[in-house]
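Chain IDs A, B and C follow the sequence of writing; residue 1 opens each chain.
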Amino acid sequence: MKQLTLLAIVLFFLVLSGFAQQPITIGFTVSKTGALNVDSLEQYRGFELWRDQVNAGGGIKAGGKSYKVQFASYDDESNSKRVQQLYSRMILEDKADFLFSPYSSPLTATASVVTEQYERIMLTTGAAEPKTYTLGNQYLFQMFAPAPEYLKVALDALKTKDPKATVALVFEDSSFSVAVVTPAKAYAQQLGFNVVFSEAYAPNTTDFSAIIDKVIASKATVLLGGGHYADGSTLARQLYGHKVPLKMLTLLVAPDSSQWTELGDAALGVMVPSQWEPQSAFKAQYGPSGADFAKAYTAKYNAPPSYESAGGYGCGLILQRAIEQAGGIDSAKVAQALNATDVTTFYGRTKFSTAANEHGLQAGHSMVLAQWQKDKSGKPVKEVVWPLAGKSASLIYPIH
Amino acid sequence: MILRRPFFWIILLIAAGFVYAPLRGNNVSLREDLILIAIAIVLASNLNLMIGYTGYVNFGHIVFYGLGGYVGLYLTTVRGWNLVLSALVAGVVVSFCAFLFGLAILRLRGAYFALASIGILQAVQAFVSNFDPWGRSTGMYLSFESYRPLGGARHALWITYFLIIAVMALSMVLSLIIKNSKFGLGLFAIREDEDAAVVLGVNATLYKAIIYSVSAFLPAVAGALMFFKNGMIDPSIAFEYMLSLEGIVMLMLGGQGSVIGAALGGTLYEKLRSYLLTSPVLSNFHLVIAGGLLLLVVLFAPGGLIGWVYRWVPRSRQVIE
Amino acid sequence: MSGILASMIDGVLVGAVYGLAAMGLSLIWGVMDVINLTHGSMIALGMFCMYLLFGALGINPYGLLLPTMGAGLLLGFVIYWLAVHWVVGRSMLMSLLSTFAVNMMVIGIGTAVWSTSPYNVNFVLPGITIGAYTFTGNHIAAAISAVVIALALQFFLYRTRTGKAIRAVADNREAAELMGISSTAVLSIAFAIGIALACISGALVSTLFPFTILSGAGYQLKSFVVTILAGLGKPFGALVAGVLLGLLEGVVTPFIAVSWIPLIEFGLFVVVLVAFPQGIFGKRAAA
């Protein structure tokens, strides 16, 4: 009799826990290997930190239930074919309720084909290219400010220092960088700069000597461009090795990683347009403050968070809020909640465009410009130098 | 006539199996697996026409698949054409391109032809990476609207699947017809000894040009269909050198020179690859195992799996072609 | 110093390494009529060999070239006896496939051990600056090493008994055997040297940019182009052809976008294959 009672009690709690704590599965791929691994890992850490904090608090609370978050994630090897296979697998076999994007615009575009085919919500981060959102989607939501914003901050800053600068654009021939540089070139000319050189290099280029020689021949004093970590870091290293006389060097993505300091002297003075920096002091209406986020992240991973990590954490936060507002995990209701989102978190303001021809495009988030400088003890540190209202240090120009 | 060959009916049976199996219970997961196998069979079968029948090792075979994908996606996305029409036009355009490439490189023999075919593949990839109307290195994306005429994305995926199965069946039937024709006999003669064949009156130049173009048609159609399904294309995934080489591995595994060899090899290799890639332990070893298998086949069983079957059951040669 | 001249110099420096990389391929092809499709992965292994040795010993990478060469020779013998010996003399398809199979295995093992994330050998030699242009020390050292090794190979082939035996077997295997030369031993040595050359060129390149186990593929393709340009079996011709290819790149890049270079090179490749059966310099074995 006693055993039966015990069994009944155990069963009761099992059933209760089953009802009370349904897990929701979020699927995404990480580029654990391949050229995108550095940036992708930082994005993943943002996801992970959010999940751990949410679950520690008992899960996402919506409609009277608590949902624990579990991930279904795989290595996409920085390869778009793998991304398609894996997202299909996560939706069909792992029964993912929601998806986060892989890291990088091309992989995200590939994943979005699958998620739209199966009508699942995907929050994208680490992907700024706007074209994906113009193809007629219903379930995509972009966390990053779109690509055309990136070099605007750099050009605005340059205008205050040297309106007569000669500009070279050297960038990766891939969707993200092209989406950044094409409007940037027009904007530069609009501001009155002389764009003396503009050329794209094939993705996976490892030897930039040829293009660097052309930059030198063009007598440019400012170089803007790059792509992701692998090519950006190599380009910076080789520019330094060739002693190119640049007064300003702004590269995409790569300098934001804490691994950038590996470049030694070549790392200093380089600027990066950033989606978020720890010094950004937004008043959070929802979720933790910037300082709390940075503290928790550094404590867990022994490194400061980059903007990829912030974007990753932000994804989780915005999804959590939308589920709370929708009162459940029904895709249609959550999509409605996401469409209605307009909130400021530690990450900044998040609002998605609902126009049919650009659904999901990020319409509320703005960018900052950061620069690697030496602090008082000579250690390299990243400072926010633009816009002037939020800066933590003054812009150094020229850098050599 | 073709209807009298028992293997023709076996091909139809296989195709019916591919159609029926995932339909039962709307098994989308199975469909995704089978579509990869079907594509593998299309590629291996058509490659067999060059390698197995004619003895010309085409290392750059995947260029037809990729080009077909580009032409097809361009026509459906940018021009808004119907899918079937786009795929067929892609096939014709790429066959014509193959004819032009062939004019240049078919006069080469042996290893030189193999290298030239790699050169063609890399040159085409380099060209497409610089070609603005096709998106350069970024490639092209399908607007989600393009699925509407086919009844929405989910429906479109099924239709594309059936079309690809049809292409697979056609590839095998084509191989069967050629094998049993006078044209095929000429090809075999070229494979055995091209100079002797020419002396005996085989118009080698013409035959090679024809078979090279023909071997491009169905992979191009399949490419147009597959990339439509995937919704995007870019030079790195359209012209994957490794895929080209894997086509050769599949052919060798199954047994080059026979129709069933391509199908067997394609199926086995694709299954092996899928299993290895999703197994957490073995995913890194997929290439090692595939390479090891290939080495074993080359060293000990150059006739492939079906060669081994033929040796043990000589009568099977008549039925399983 | 004008931009074009700087570009040409950079091209020559890079071309010397292309030439060195191609020498191994050319030697093997010329001697035993085998197209070594492991060539690319051997180059990549050379990069990793340098990475490991440099990481472990920390001394100047250019002093580590000899151990790398030794490792390459050893590896070459292993591969010869594993895959190549059995297919020498059989159809071209078989030797292509057997070396390709080994290539797949090496890449598979390399991916398992090192994944496809980029690796670096962080060693910087001071460069030479002329006017506005700087030629990085690593590039210069790589080019000089390539020329030295090529000269050493020429010496070996023409002034030593083993070298002459190799050339004899390349010319006419049966005649060489009649003269008492063990063709198997010679073939295995020639193959091992070819692999060692690939490894060394990888090692030289490792200091120039980040690499993965897949980085050899690009050099393999360049090696094909160079070997065809030079014709077979004349390794020193491969060095010259490599320098010419690099020079061509250097001359063309100031005028057109860098992304067109591969198209030009492969177009040239196909044209040379079709129009110049003898290569631009040398003989080629009967097809």
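The rule is short, and it goes like this: contacts are C-beta pairs under 8 Å (C-beta built on N, C-alpha and C of every residue); 3 or more make two chains touch, one makes a residue touch a chain.
Just so it is clear, the model here is predicted, and its values are computed rather than measured.
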item: Topology of the chain contact graph, where touching chains are joined (line, ring, star, complete, other); value: complete
item: Higher-contact pair (C-beta pairs counted), A-B versus B-C; value: B-C
item: Most distant chain from chain B by Cα centroid; value: A
item: Whole-Å separation of chain centres (CA-atom averages), chain A against chain B; value: 39
item: Separation of chain B from chain C, taking each centre as the mean of its C-alpha atoms, in whole Å; value: 32
item: For chain A, residues contacting two or more additional chains; value: 173, 200, 202
item: Overlap residues in chain B, where contacts from two or more other chains coincide; value: 129, 136-137
item: Per-residue multi-chain contacts in chain C, two or more chains; value: 111, 257, 259, 262
item: Complex contact set, residues of chain B against chain C; value: 51, 57, 59, 104-105, 107-112, 114-116, 118-120, 122-123, 125-127, 129-130, 136-137, 241, 245, 248, 252, 284-292, 294-295, 298-299, 302
item: Of chain C, residues touching chain A in the complex; value: 2-3, 6-7, 10-11, 14, 111, 115-118, 124, 127, 129, 132-134, 136, 139, 208-211, 215, 249-250, 253-254, 257-259, 261-262
item: Residues of chain B touching chain A in the complex; value: 28-29, 32, 129, 136-139, 141-145, 147, 153-154, 157, 230-232, 234, 236-237, 278
item: Interface residues, chain A side, partner chain C - complex; value: 32-35, 37-38, 77-78, 173, 199-202, 205-207, 209-211, 213-214, 216-217, 230, 233-234, 238, 241-243, 245
item: Chain C residues within the chain B interface of the complex; value: 35, 82-83, 86-87, 92-94, 96-98, 100-109, 111-112, 217, 221, 224, 228, 257, 259-260, 262-263, 266-267, 269-270, 273-274, 287
